[in-house]
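Look at the two complexes coming up: chain A is in both, with chain B in one and chain C in the other.
After this line comes the complex of A and B, so read on.
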């Protein structure tokens, strides 16, 4: 599951499971705030088998930003 | 002994509602729900830390029955300033006030500066270095965040909470209360010292055309999610460290009124409950006014006093910042004797609670993520 499309699909499922719905804009939509963003980051590190501290605060703003970060961390930095 | 004789404030009249903020930043109003934000104070073109600070200091001196010529020292503890270093904001405030003899110094420690400055004022008064000391906090934050409207990002939502206004406390030896104890706790991991600061504008990255083009002179979070998690845990640990020490040093076994100003109330309330001080009377100003930096704590106590809250004999200020947190105990034998007055706040928005201890404004939205803000 290294393509951006795969990662994005999986992300949408995880976010939906976590918050009841998924939107491209996670923060601006009000779906996620900084209190809950850390829980999401930890879950994504587990789900995508990423090393600790893989996400920046600004990565949490959208599905696209998360997709790019995860793709890069999994050795596919060009995925977009 | 030295204590707080009066608190004065000045806030701009204009408020920006959550709906207006959401439209301006192209985010959903629900993005502000967890903070419980209703509106923020918006500065006018002529409102700056020095001008707002002078108005708040004037109000505090008036409330104390003092004149500008009575003032020996003004400690400026705000976060933002009219001009960059080496400009000293205290002298800007004093100039606006028409002061001719008072000394001035700036204390810079983010939002924790108010507690450090009050403790410094107490020490200076008790050592008879100065008789009347004003601790002035004044800020406007609009120029430190990227003005790019419509570029929604993680930082944009919390950036919007930062507002404008000023509050000043007058510290004297004849106050009816005494600033009794202080405790502070530095983050053991200071690698986060640079978070929420500009990237350019200092010696490590001078401000040049490229830096301005890339917006590096604005505040940037510069944090990983582990940093965010670590800072949250540190902040809770700091309260666990500071409160017991404060009680021990002040010789008190509880607190009647707590002034703290978290962006998100729930995590701090959880720690206060753990420390068994959550029953103390509280009120929060961020939902109605936005975050006005270190002035928040003076506004909270000032509004509480002016509105007849039962603030009791044991008042605690506590702050949390990423690198450093502190707390201060203000104790009185009977009445606290603090006079409070100012302009720009509708006090009726914080009615004194009759039964409930905690005075929080009603949440503006259905809470999609759980409990009340």
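After this line comes the complex of A and C, so read on.
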């Protein structure tokens, strides 16, 4: 699951499971606040087998930003 | 006894700072968590006097309200103590509130000035302010005025007295009458003293604040007691993803002895440590937790994981923060919120009669730390006072040893990650949408934040309004934490036989909807 499309579709499933729906804008849409962002980051680190503290708050702003961050962390920085 | 050996207790917060600055001018008082240089007691005293001079120059007078529209920086404390030094009422406000909320608060508080910083300025510039907006002078910059007023020696009584209003904290504000809780210097000083005494703080203590400084818990219970006991405050940005990985290194680097938290922070720290085992700095002695219920299993888990006591406390904005605190005693009842630390506490029945120990009833509190009242709202103040007792709206019981346990709430209030959300405030915003005929907001259980905001909504006939569109409508008018996370469209709002909204039925409707979604998902996955 290394392509951006794969990561994105997995992210959409995870966010939907967690919050009942998924939207591109996670923070601006109100779906994720600053505290839920921590819980989501911890879940994504487990799901994508990333090292601890892989995310910053700015990575959580949208599905696209998360996709890019995860792709980069998994050694596929150009995946977009 | 010689006159110079008599300790004169300060009657205002400005006088408290002046006393501490004389005793320990060079000692570090406030240091940014990521910074190196600390602002000393002498520095804050000096900067606060300068800022007070600036306020006077701008025409502000004693008793005027000054909105402080930024927080969690050393400059915040300069603005705060500058207001107090000049006898004004400080109004710290959450800059993350929606524009409509900030506007409503400003309209209600009628400040003569809004003080901001470069990071928060844009938010304030969008409002229709009828007063000036200035940026707090950055520490280290040259003095803003050339005038010399001898604040250091001006008699304390000329600035304010113990009964003068000092602080105004808003707990709601979009619609109707905003609810601003007003405190005197005496209210605040009484609370700081009892917190210091209860926990045995002294000037060697290094305290970390990772809570917002516009928040009663963060400001009154976590930050300001530091001035009472003469310790050092390490100031972090409010707890977030960007802080969690750096928290323990910050504690170690600064030799932090203590910090306060809310249950959501406790839960997130426990989740995080499972991913990233941390080295707990030996300097850390204990942690407090308040603002929302915390289960005894969570206390146990935190203590066994981090090796330090987690002490549960309880209080309300109206009682100037914590009224009860747990003792730092390994044999304490982990399910309780401790014993009363300021004033008196009683438990009463529906008729207001005190109940015997062990029986559940409404908790009432009286004493020096109960607020002066709701600002410009004597009717609302009268509605919560019972012969001098403040009626908390919380149901609890008092044990034989004076330990308080909490059970439920009488008042309609949702506590989401330690922040209060008034359902009627959210209802009003939802009802302002032209496609909404009726709305009722409830708090649903949430494993992380304790409760989450959800709303049952009746659409006007023929409307195809979506949940997303309605949430977006709320987001333009309410702070993010107040906006419903879930909307359930219904044909009618369930009511009791007396016509009151049946909120427990609403929660059941959400539970049924969630069960239906799970069942549909399972079918889809087969």
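One rule holds for everything that comes next: the second predicted complex is superposed on the first by the 80 of 80 C-alpha atoms of A that agree within 3 Å, B and C clash if a C-alpha of one lies under 4 Å from a C-alpha of the other, contacts with A are read in each partner's own complex, and residues count from 1 in each chain.
Here, contacts are C-beta pairs under 8 Å (C-beta built on N, C-alpha and C of every residue); 3 or more make two chains touch, one makes a residue touch a chain.
Computed from a predicted model, the values in this text were never measured in an experiment.
**Student:** Touching A:60, do we find chain B (first), chain C (second), both, or neither?
**Tutor:** both
**Student:** Going by the contact rule set out at the top, does A:24 touch chain B (first), chain C (second), both, or neither?
**Tutor:** Neither partner.
**Student:** Would you sort A:46 into first (chain B), second (chain C), both or neither based on which partner it touches?
**Tutor:** Touch status of A:46: second partner only.
**Student:** Between chain B (first) and chain C (second), which, if any, makes contact with A:33: first, second, both or neither?
**Tutor:** both
**Student:** Return first, second, both or neither, reflecting whether A:6 touches chain B, chain C, both chains, or no partner chain.
**Tutor:** Touch partners of A:6: none, neither chain B nor chain C.
**Student:** What residues on chain A does chain C touch that chain B touches too?
**Tutor:** 19, 29-31, 33-38, 41-42, 52-53, 55-57, 60
**Student:** Tell me, which parts of chain B touch chain A in their complex?
**Tutor:** 25-35, 152-158, 221, 223-229, 232, 264, 266-267, 368-369
**Student:** Looking at the complex, which residues from chain C come into contact with chain A?
**Tutor:** Within the complex, chain C contacts chain A at residues 238-242, 244-245, 264-265, 268, 271-272, 275-276, 417, 448-449, 468, 471-472, 474-475, 480-481, 483, 485-486, 517.
**Student:** In their complex, what parts of chain A are in touch with chain B?
**Tutor:** On the chain A side, the touching residues are 19, 25, 27-31, 33-38, 41-42, 52-53, 55-61.
**Student:** Mind listing the chain A positions that touch chain C in their complex?
**Tutor:** That would be residues 19-21, 23, 29-31, 33-39, 41-42, 45-46, 52-53, 55-57, 60 of chain A.
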